[in-house]
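Two complexes follow with subunit A in common, the first pairing it with subunit B and the second with subunit C.
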Partner chain A sequence: MTPPTDRPSDTPVSYRAAAPGATIVTPLDSLYALYDRRSGLTQLVAQPVPAILSALAEGVATPGELQARLERDFAVEGEAGALAARLDELVALGLIERL
Partner chain B sequence: MRHGTALRIGPASFRIASDWRAPIALLDRLYADYPRPEAGFADFTVRLEAKRPWRRWLRPSIHLGGDYMLPDALPLSLAHGLLAAEMGMNLQMALGWRRQLLLHASAVEKDGRALVMTGESGSGKSTLAAMLGERGWRLLGDEFTLLDLDRPGVRGFPRMVSLKNEAIAAMAGEVAGERFGPLLRDTPKGAIRHLVPRRDAIARMDEGALPAVLLYPRFGHAAAVRPLQKSENFMRLTQASTNYVALGERGYAALTRFVDTVPAFGVDYASGAEGLATVERLWAEHGR
Partner chain C sequence: MERSEDQRNGAPDADETRAVAGRRRVLQLGAIGAATIVSVRPALAQTAVSVMTCEIPVPDPARASQYIAPDGTLVAPGTPGAVPGSATPFAGEDVRRALTQGGSLPGTSADQNEAYLNYIRRLQAGTGGFTCFASIQMPR
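And now, the complex of A and B:
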């Protein structure tokens, strides 16, 4: 992973999903079980996390591009700050990568 | 070790070795109807050892040993040798079993379908299972229920039922004396008395069942029934399993399938009779 400080200031942050098949997402009710095959860890997550993971599986995206995919495919709307917070959490859980 | 025996409970077989004869003689009497391990092979070994050589004679105290051990397992007095053997077998299962997902739950069977009950120690899951086991249900187990990994079934682990405190008198009123072990007073969990399951539960121990209803009983509360959401149920069952993490993706698949197909209810009850009535009612509504 490239440290953020090495990135030119005009290049926006982008995110990459885990390799296809690295995680299993199982809808339970309002929550989803998520199994990470790489770590063996299980998480319980709520929307918009499964939607973010699915939208990011299309390919590397900046937060703006991701927001557009979410609004197009999942009718997920929200402010940029909330999406950034979710992305930070997913990076911390090792479920997505910050480039 | 100069004394020993071997027995099989459901899919798991045990060899129990002891520095003393008494606990082995007691195990041989109480587990007389249980099968022996095939070809003498045992999955686990439990050792009841003298803590120091001379303690075999002087105030004997048992040190529990085995393939899988907790480092701080307390020595027990020789009078509690049976309890030490039972604890040792439970520990081997909890820490070492990998062939099924192990749930800390009791279970009973009727018409090929299983009622599973999980909860904390003191919830009454063991007593309810013991009572149902005398009322037309087949006892699958009072402590562990084994969830198949590759198909939607459960298997029993019908070891002796461990009755505690008030449950001892409740069961003594309805079961013949020869099916009981000795009364063990002042154990770390209070008074304990072991109950041998009915003969048909032992003879049919290898017959699994399809799980149909899951209950979370809580003894000592005003009567109430609450359906559990799948997500809460899933989270609580990961905590009720001792080998969920070790089984990895196979455990995840088995547990999500179980949660998706088996309705779950929290059941509060104030008396044994009330608990039994609620269980039978929920079974009539959801168990078929």
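And now, the complex of A and C:
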């Protein structure tokens, strides 16, 4: 039986954001409303979600590449492993894809 | 004052680097296990929600005749220890202040405050006021 992806097991996992225009992001003071056209669901999110989605919009990235993009634009803080936890949440909600 | 290797080489010293970092926006990635996303069902998304001005009715209009027990569950009117619901809804900002700073909801006695806050903490999707409650919980 072939595995679901043909990525070799030692290749780092990477992530992809939805196509441009698939979501509408609207700032609401300290929150952002994120309307996902495909599902019709609105998510109320706070940073770092819009920053992560924007960084992923530049192209498919591994967690390390994504961290580098975020550090280029922000002074990044947080627990080690926090980015991985945020990416898991976004995958669970269908906002990004794990490749 | 000790001079770092970097200073001797003319590279930015630690203070300068911190100053540069201070000029950029901080992005807090948070902690593992601290969820940052709340999903709103399409039906609720019709309503324009403003965190500051949204309201939470206690209890929701469909159950306005019921009383609220101290633990926030809805009970029959006249149940000992339970309080009647509030005649007016509470502003999201007042609820947030009461929940985060431990103050009281405006115009409530201690018993009413305890019952109402516990009612609000139990709100689920589909009940009036849930969207407002979800939005006031978001981290700054």
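Here is the rule we use: the second predicted complex is superposed on the first by the 87 of 99 C-alpha atoms of A that agree within 3 Å, B and C clash if a C-alpha of one lies under 4 Å from a C-alpha of the other, contacts with A are read in each partner's own complex, and residues count from 1 in each chain.
Here is the rule we go by: a contact is a pair of C-beta atoms (placed from the backbone, for glycine too) under 8 Å apart; a residue touches a chain by one contact, two chains touch by 3 or more.
Note that this is a predicted model, so its numbers are computed, not measured.
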One more residue to check, A:T26. First (subunit B), second (subunit C), both or neither? first
First (subunit B), second (subunit C), both or neither: which does A:V60 touch? neither
Go through the superposed model and pick first if A:L44 touches only subunit B, second if only subunit C, both, or neither. both
Determine, under the contact definition given at the top, whether A:V13 touches first (subunit B), second (subunit C), both, or neither. neither
Between subunit B (first) and subunit C (second), which does A:A68 come into contact with in this model arrangement: first, second, both, or neither? neither
Give one of first, second, both or neither to describe whether A:G81 is in contact with subunit B, with subunit C, with both, or with none. second
When both complexes are superposed, which of subunit B and subunit C contacts more residues belonging to subunit A? C
Which partner does A:Y35 reach: the first (subunit B), the second (subunit C), both, or neither? both
Would you please give the residues of subunit A that touch subunit B in one complex and also touch subunit C in the other complex? 28-31, 33, 35, 40, 42, 44
Can you check the complex and tell me which residues of subunit A touch subunit C? 28-31, 33, 35, 40-49, 51, 70, 73-79, 81-86, 89-90, 93
Given the complex with subunit A, which residues does subunit C contribute to the contact? 21-22, 24-42, 44-45, 49-52, 134-135, 138-140
In their shared complex, at which residues does subunit A touch subunit B? 24, 26, 28-31, 33, 35, 37, 40, 42, 44
If you look only at subunit B, which of its residues touch subunit A in the complex? 229-231, 234-235, 238, 244-245, 248-249, 252, 256, 259-260
